[in-house]
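Beneath this line is the structure, given in structure tokens, with notes to follow.
Order of writing sets the labels: A, B and C. Residues in every chain begin at 1.
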Amino acid sequence: MDSPGGFGNFSYDLAHLLGGAVLVLTFGLLYQRRLTAVINTYSVQSWALAAAAAWQGWVQGSAELYVAALIALSVKGVVIPIALHRIVRRLDIHRTVEAAMGVFPSMALGVALVVLAILLVLPSTMESQVLTREDLALALSVVLLGHLMLITRRTALTQVVGFMSIENGLILGAVGVRGMPLVVELSVAVLVLVGAVVFGVFFFRIRERFDSLDDSHLDRVGEAHR
Amino acid sequence: MTTLIGLAALAMHVSLMLALAPVLVGFIRWTRARLMGRIGPSVWQPWRDLLRLARKQPVLAENASWLFRAAPATAFAATLAAAALVPGFALGMATAPLSDLLAIIGLLTFARCTLALAGLDTGTAFGGIGAARDMTYATFAEPAMLLVIFTLALLVGTTNLDAIAQMLREAAVGLRVSLGLALVAILAVAIAENGRIPVDNPATHLELTMVHEAMVLEYSARHLALIDWAAALKLLLWMTLIVAIFAPFGTADAESGLLVWLLAVPAWGLKVGVLAAVLAAFESATAKMRVFRVPEFLGVALLLGVLAAVFLFVSQGFV
Amino acid sequence: MTEILIIVEWVRELFSAPGLVVMVPLAAAAGLAFVTDARLGARITIGAATLAFLLACALPWEPRAGLLLLVDPLAAHMAILTSFVGMTASWFSRGYVAVEAAAGRLDARRLRAYHALFQAYLGFMLMALLSNNVPATWGSIEAATIASVLVVGLPRTAEAVEASWKQFLVCGLGISMAFFGTTVLYLAAVPALGSGLPAMSWNRLPAAAPEFHAAMLNLAFAFLLLGYGTKAALAPLHAWLPDAHAEGPTPVSAVLSGSILNVALFVILRLRGLLDANAGAIAPGPPIMALGLATVLMASFSLWPRRDVKRFFGFSTIEHSGVAAFAFGLGGPAATFAGLLHMTLHTLTKAAIFHCVGRAAQLKGGQFFTDIGGLLVCHRALGLTLAAGIVAVAGLPPFGLFTSEFLVLTETVHRLPWLAVPLALGLLVGSWALAMRLISLCLGAPTPDRGPAPGLPALVPAWVHLAAVLVLGLTMPAPIAAWLAAIAGAAP
């Protein structure tokens, strides 16, 4: 009925468990109403991702995955959240998250997206690596939930956090694939670049034009100029 | 012979549960105090409170009916029955065949309904508020718990708690995402069912923030003692339940003999103690959430339960 | 460690002849970040872009497939096209930026960022075209997107900030889906090529495609089509393009931006080849055609209510991108030839139009149709060039877009006659809108001037482009026809 043996598939089970932790934390991101809580949850999600990458490094015997884990832990788990907190303090941003959809409806939609991800990945199984599909389904779920966060949140800062959680999902997918070469450093580096560049340059621009980072201001301006 | 051993195990289990329930509450209170930088009351204080209350003479409202007088004992009896069904330090006690998760939840719900009715009985406003809030939380918590039970049942093939604990102990199932998700869901449900922070503050003095306390505001003396004991027993019961499913190592089989039992009791105590310490730490770090946010919180637990069930389909290939 | 060896090999390839096409703009970008003098910055930009074009011209004679770079006829063609547009854009940019700086709309610091981002954008696009590594293609497109997002936000108006934020969100969505598709594509290729670098090299994939895992390939294709379709501005993910074209500085946001659509279509073309080769995978043609056709119809009908000139031409870009996608989806040598020709000619034509529109907007002090009018009366050269450009992009003879659209239509009639009707309808509606706007922009009562008029040298890049389009429309020189046919034949 279920997977053979107990500890024979321990490596896969732990990998899935860590991936599941990243997924639960992504739901946590959707649940939060306060900006600082969102940033902290993202930070914990990055740590979970680092743990998952490190475990994959151990299982696959690949040193570069440890490097990826280190980058996820240090940059995404520590540096970027600290920088985001400082931006929130310095720009004196509204501490509540403006959402286009209530918390519970968006979580319910999130579950629907997870089911969608599973339905997408399920038929595409590879006979020799049946257990890879759970990794892939978890990663795709995190990516889709990040998209949901991107779409339903109105504060620019939470949209950026949503984007960065999409990146976490993508990295989770990439580390789960056995033997994917060199993508790990490449993508980690580029994704970190996105996070750093985007919010480093953007917020001051948006802040200069408006006094808050609420996107609904932007929509009103754009309407007149179709 | 085995029935006798089973009965002996059951007797030991029930007496341990009864004796240690107030100690658990005291331990949690003490740990919270220490974490907040206070010295805190002694671990035995809840026992002293119970004895003090038992010696006093009860004061009843004039319009209190027989339900009001019977409710504490009924609730206590139901909770005790549920406690007898949950495996503690030993699996395979006399009640093992009866120990069905749905039965346990049913008994706890029965106890809760009795107290809610008692809260409405005297016709005071606070009783009504407390009862309404408590039942609302129950309405949201029950489906979440049912989904967790569903997940476990799918995994193991039965809703019998004893059998589930045994299967999980033998690591036939291994670590799974579904179990992780189910753990988060059941922790949320446990917090709601036991009225701990962030759902309800058990130490509050402000009536408007009370949920469970508001229901039982009219009780005094031995009735109150029974209710408090039942609440403590419920907390220990939930912790034992969680530990039996998710940390099943170290339990003894009822046939293993007295020596193994004597080793298993401290193991169980340690597991519950760790969980209690985690709860205390969590309570001291979080604030109570507003009443209308609790359904959201429990809705999230429900969604996590759904996810746990869904992920079973992924890894077991039911589709 | 093999890691280090791979990176060493990459660096070595980057400094070889094809690699320099990429390195020159990127190195210039790095240098321009520190150059404070505006005129020096403009000169370095022009020099780097010209050098990149000259190096790219040598590519067709140096086919190679290394670890990082792949130079085959398709990639060489696209690289030459992109670097040519980059070169002329840099010429145009010099005059345009001088006017902007004089009017105070771009200060010294933003000028520095502008020049650096221009070269970075160009460099990363060339990198995406010439890379042999699926993730490297993805990474370059992402880096190009970031550069573009930053540049669109450079003028600090509210609309520019909104446009760049919208571009970031929509393109970010697309790029993340493309990354997931890349991962799944690798998974699909592993049964055929084993795990490791060969399973992600563009030069190895087509040959091994028949043995790919079909279901994974389908999943990968779905995500890659959606992801890169966002960058190609295919409906329904086109929302970022009109705003980006309208609000950023014209040379980069409008002229160079046209090229990123080509890069995305280039990747989709390669993917189509992979799916065609695999028997178990779905037919790639219908989804691509459906997206292309929907894009054409949506864009051509959206042209009518537009009041902003640059946004109007942005939608026209989307329409033509849809036509090219439709042609690629149709498949077969003839349709691919038509698609390639269309892509090439449209890029040249649209660049020319934006050169004119950019200067016209500066001239008239605004970019609405109500601001710009009667150009032929007061500014004959500008008006004539713009008129020629609009005639070209409307697909009217004698310009080359007529040839390519005609070829696409005839192929459609041959293969799927009933699809020719909506396609023709879309093209007609688009051309009609363009003709109406031509009248309002170039003829009619002239509007007051509020800025400096462009001198004749400023229009030279546009003339060069339009001349090329005209020549290719009137006569198709045999070598060029053979070159395009060879590419179309090789890319199934």
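The rule we apply is simple: a residue touches a chain if its C-beta (ideal position, glycine included) is under 8 Å from a C-beta of that chain, and two chains touch if they have at least 3 such contacts.
Computed from a prediction, not measured in an experiment: that's the story for all the values here.
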item: Central chain (by mean CA position); value: A
item: Pair exhibiting more inter-chain C-beta contacts, A-B or A-C; value: A-C
item: Cα-centroid distance, chain B relative to chain C, in whole angstrom; value: 64
item: Inter-centroid spacing, chain B versus chain A (mean Cα positions, whole Å); value: 35
item: Separation of mean Cα positions, chain C and chain A [Å, integer]; value: 30
item: Where chain A touches two or more other chains at once, by residue number; value: none
item: Chain C-facing residues of chain A, complex; value: 63-64, 120-121, 123-126, 132, 136, 139-140, 143, 146-147, 150, 156, 159, 163, 166-167, 169-170, 173-174, 177-183, 185-187, 190, 193-194, 197-198, 201-202, 205-206, 208-210, 215, 218-219, 221-222, 225-226
item: In the complex with chain A, residue positions of chain B that touch it; value: 155, 157, 170-177, 180-181, 184, 295-296, 299-300, 303-304, 306-307, 310-311, 313-317, 319
item: Complex contacts: residues of chain A adjacent to chain B; value: 1-3, 6-7, 9-10, 13-14, 16-17, 19-21, 23-24, 27, 31, 103-104, 107-108, 110-111, 114-115, 118, 122, 130-131, 133-134, 137-138
item: Touching residues (chain side chain C, partner chain A) in the complex; value: 1, 3, 6, 135-136, 139, 142-143, 146, 149-150, 153, 156-159, 161-162, 164-165, 168-169, 172-173, 176-177, 179-180, 182-184, 186-187, 190-191, 195-197, 200, 213, 215-216, 218-219, 243, 305-308, 311
